[in-house]
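In the two assemblies presented below, chain A is common to both, partnered first by chain B and then by chain C.
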Partner chain A sequence: MTAIAISGAEFLREHLRARMTLAMLVVLPALFVLVSASVLGEFAKALGGSVAGDSASALGAGWAAAFLAGALGFFQVSSSRGADRRLALAGMGAVRVAVARISASVTLGLLISLVAFATLLLAAGVAHPPHAFAAILAFALIYIGIGTLVGSLISDPLEGSLTVAFIFLIDAFSGPGMSGGDGIAQLMPTRKAADVLIAAGAGQGSPTGDWIAVGLAALGALALATIAFWLSARSRSS
Partner chain B sequence: MTDTEPILSAEGIEKGFHRGLPPHRRLVEVLRGASLEVRRGELVGLVGENGSGKSTLMKVVVGLLERDGGTVAREGKLGYCPQTPLLWEKLTVDEHFELFARAYELGSAEATAASGALLEELQFERYRGYRIEDLSGGTRQKLNLALALMHTPDLLLLDEPYSGFDWETYLRFWEMSERRRGEGMGILIVSHLISERERLDRVYELSDGRTVEA
Partner chain C sequence: MTGRVLTATRMGFREQLRRPLLIVLLVAVPFLFISWSIAITEPTPRMIELPGGEPFLTTMKELHGAIMVPITLGFLAGLIGLFTIRSAIESDRRLVLAGFSPGEAIAPRLVVVLAATLIVLAVSLAVMAIDFTPASWPPFVLGNLLAGLTYAAIGALAGALVGRLGGAYLMFFLPMLDIGVAQNPMFFEGAPQGWASVLPGYGPTRVLVDGAFSQGFDALGPLLVALAWLLGLSVAVLVLLRRSLGGR
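Up next is the complex of A and B:
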């Protein structure tokens, strides 16, 4: 096995050994899909939107994946910055540390998405399962990018996790089916993934343009995350 | 066993940090032309008061911090033991050795032999399967030191490496350092204990951002 593969496996193990992570992995998707689906409908009504029923359940799974991925992305950077930098200095190099970190993050994102998708499938069912899974995965990958970027800029755990939560709330409540989704809401990172997920929940397909936008947002977020990991592992000026 | 050519040469190191927010942002100059040298087979001390910039100078020399001015030249393999153990809380002692063995590009047999010898030398074999979060401060510090030593560096930079050690381990640390000096390793130790000066070949004192050979 290469140094990157071994490091990536160790970084992944590090997160899966955290009891709180495992608990959240099970609890959050269930909470968002089962409980939030109806609450989401009420919120949407209050904000002038219309998301409800199966679409709301599907969107709940996406938001569960996003929230978990964002939090884990943030803590991957903030809790390991010093040790990662030491490993890079020891000869691994900042690029290889960043690649190992992003491979662990993508694996975590896949795992989170699978759990959220399975919860959705078991609890509410979904008309377009492949579409729904792809959109949920996009939610997770986009929030890995957001979490790691925040982690590379803000080192304090409280300030950083609040920032991720703030971005999440703005994103969630300005999304399609919630506050109407016009204006700046069009620019929110999960906008198109939410469109695809709502459509999948309602048993409809999505236009090719939406899929391209979802793919670009997910790939852009992963590129951003890789840069954030690299910035955290290299020598710094202060 | 000292060479005339230094294995580490740092000259005129300058480093400052910006503090505060505009319009009250100011530059705090920590290092203002600090210089030092370490040769093979030499045990050199870097002393100074708390906050004098010893750790900053060490980080600049190691390459963890970018410098504002001056030059650093190093030769051979570098080992670095930071003041605060930089470890992953959820990984075990053995997993740390494995990660660093990969970073140092040690072969499997070489890595096993090196980690085994250090576990025995620092007497913490029984903790090799423990996660870092379950270790005492002293045992974390032993691992912190062992990771800097496992590839037998030519130049070893230690930033107060014995904080948390009990007396026995503290004495063993100095035995280890002196033995490695005898084998030709160049060692720079950050310390603030005057009592340790007799163990050192040379001592630099850092004051007002500059070093003076004491």
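Up next is the complex of A and C:
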């Protein structure tokens, strides 16, 4: 347990050592939420969507957290594959390396979500803050899973970044309040988190079924991410 | 161009072609992004102000079609510039140690970035042309090319200054915030105001908006601003790369 905690803290420090990276993690979601708060409602209207006002602003916070978390998840795997394998071989084992990595990723996802949520709260106000924060965090966790999975399959940073962006664009464009309605749009990874976030922005609660779906999506994504970290830390011969 | 620069350029292209997924994504992302954006936008009327100052009545659908091209280009060219130049910084020092001058090492990378930007531009314009035809193609293409090259240079600078991860974070958001929001006539009346007019996307976007909706050309001022941005960024990229590769 101590080894996992120490390694997790080291992984976190490794990520935040570059001050510019830390600055980007804090500034970019805040900037995106601030700027998009005033235009997302109009954008949704142009697309024939129904989301408006505070709900649209809230959705922007979810998107900001998701996009950053996706990149974070991808680079956590793609840039650490060699080091993690050596660490596992040196005695820590692939499972503990994977748990330490996922702990660091979730902590960073929490940081991104907090920044996006705080900006939303200050810039636009949120009628249902706990629900909004939970939904924004779900966006981040789901995209940590997606980014990590992409990172375990694709090692090239340009191809990986574009793949994460490609998935995000399909997800965001087919989301509720934008063009998305029925059919395959219902199966998109952040569909239910977006429903909860939009409802929270409008000051409404969400049905229990939506919360269960959000929880399952976030937990499923984290499980996938853990498996991806484990696979990349595992020795090739084992 | 010397023989060894040609060889390095050929190797640079071969490196890209070894990644078939990249080629697929450079076509699929613009195709999906632009065609979907146009398809889902309502043709509601929208009054905009052209760079010459005259009002022009268009629709959100047409506006979205036109503006998605530079957003896509800025996003993709920025990431291409970022990772190509990061790769140069990480590996081309060896070329310099082996006898290449920094300029000879840099040139092939820049040719690759330019070629990739042109491919994305061509795909994006082709996809857009299915649903929307600009009033005047030359300024529309020029504005988009300037947007792509400007963001390729910003990506290259980001790679050199804030690293791979910080650069990726930046290039995920900056083109969206600049071209997608601040310069986007879908979200404001008249011309971009205040902070929007000092962003790198201002000049290229005004030039392409002029080309999209006007037969004449009234965007000389924005064109000069765009060229100044591109020149300044290009000089900064060259200086940084020469320093990174050990040149003076």
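The definition used in the following text is that the second predicted complex is superposed on the first by the 229 of 238 C-alpha atoms of A that agree within 3 Å, B and C clash if a C-alpha of one lies under 4 Å from a C-alpha of the other, contacts with A are read in each partner's own complex, and residues count from 1 in each chain.
Please note the rule applied: a residue touches a chain if its C-beta (ideal position, glycine included) is under 8 Å from a C-beta of that chain, and two chains touch if they have at least 3 such contacts.
Predicted, not measured: the structure shown is a model, and the values here were computed from it.
Asker: Does chain B (first) or chain C (second) touch A:L169, or do both, or does neither?
Answerer: Once the two structures are laid over each other on A, A:L169 reaches chain C alone.
Asker: A:F75 in the overlay: touching chain B, chain C, both, or neither? Say first, second, both or neither.
Answerer: Touch partner of A:F75: chain C, not chain B.
Asker: For A:F139, is the partner it touches chain B (first), chain C (second), both, or none of the two (neither)?
Answerer: neither
Asker: Based on the superposed arrangement, let me know which partner A:F117 touches: chain B (first), chain C (second), both, or neither?
Answerer: A:F117 contacts neither chain B nor chain C.
Asker: Name the contact category of A:A18: first (chain B only), second (chain C only), both, or neither.
Answerer: A:A18: touches chain B and chain C.
Asker: Once chain A of both complexes is superposed, is A:S161 in touch with chain B (first), chain C (second), both, or neither?
Answerer: A:S161 contacts chain C only, not chain B.
Asker: Who does A:R86 touch here: chain B (first), chain C (second), both, or neither?
Answerer: first
Asker: Output check: A:W230 vs chain B and chain C. Expected answer is one of first, second, both, neither. What do you get?
Answerer: Touch status of A:W230: no partner.
Asker: Residues of chain A touched by chain B versus by chain C: which partner has the larger set?
Answerer: Touching more of chain A: C.
Asker: Once the shared chain is lined up, is A:A3 touching chain B (first), chain C (second), both, or neither of them?
Answerer: So A:A3 only meets chain B here.
Asker: Across the two complexes, what residues of chain A are contacted by chain B and by chain C?
Answerer: Residues 15, 18, 79 of chain A touch both chain B and chain C.
Asker: Show me the residue ranges of chain A that touch chain C in the complex, using the header's touch definition.
Answerer: Those residues of chain A that touch chain C are 15, 18, 20-21, 23-25, 28, 31-32, 35-36, 38-39, 42-43, 45-48, 64, 67-68, 71, 75, 79, 154, 156-159, 161-163, 165-166, 169-170, 173, 178-179.
Asker: Across the complex, what residues on chain C touch chain A?
Answerer: Interface residues on chain C, with respect to chain A: 19, 21-22, 25-26, 28-29, 32-33, 36-37, 40-42, 44, 60, 64, 75-76, 79-80, 83-84, 86, 161-166, 168-170, 172-173, 176-177, 181-182, 184, 186-187.
Asker: Considering only the defined contacts, which chain A positions touch chain B in the complex?
Answerer: It comes out as residues 3, 6-7, 10, 13-15, 17-18, 79-80, 82-83, 85-92, 235-238.
Asker: Considering only the defined contacts, which chain B positions touch chain A in the complex?
Answerer: Per the stated touch rule, the residues are 17-18, 62-66, 78, 80, 82, 84, 86-91, 95, 98-100, 102-105, 131, 147.
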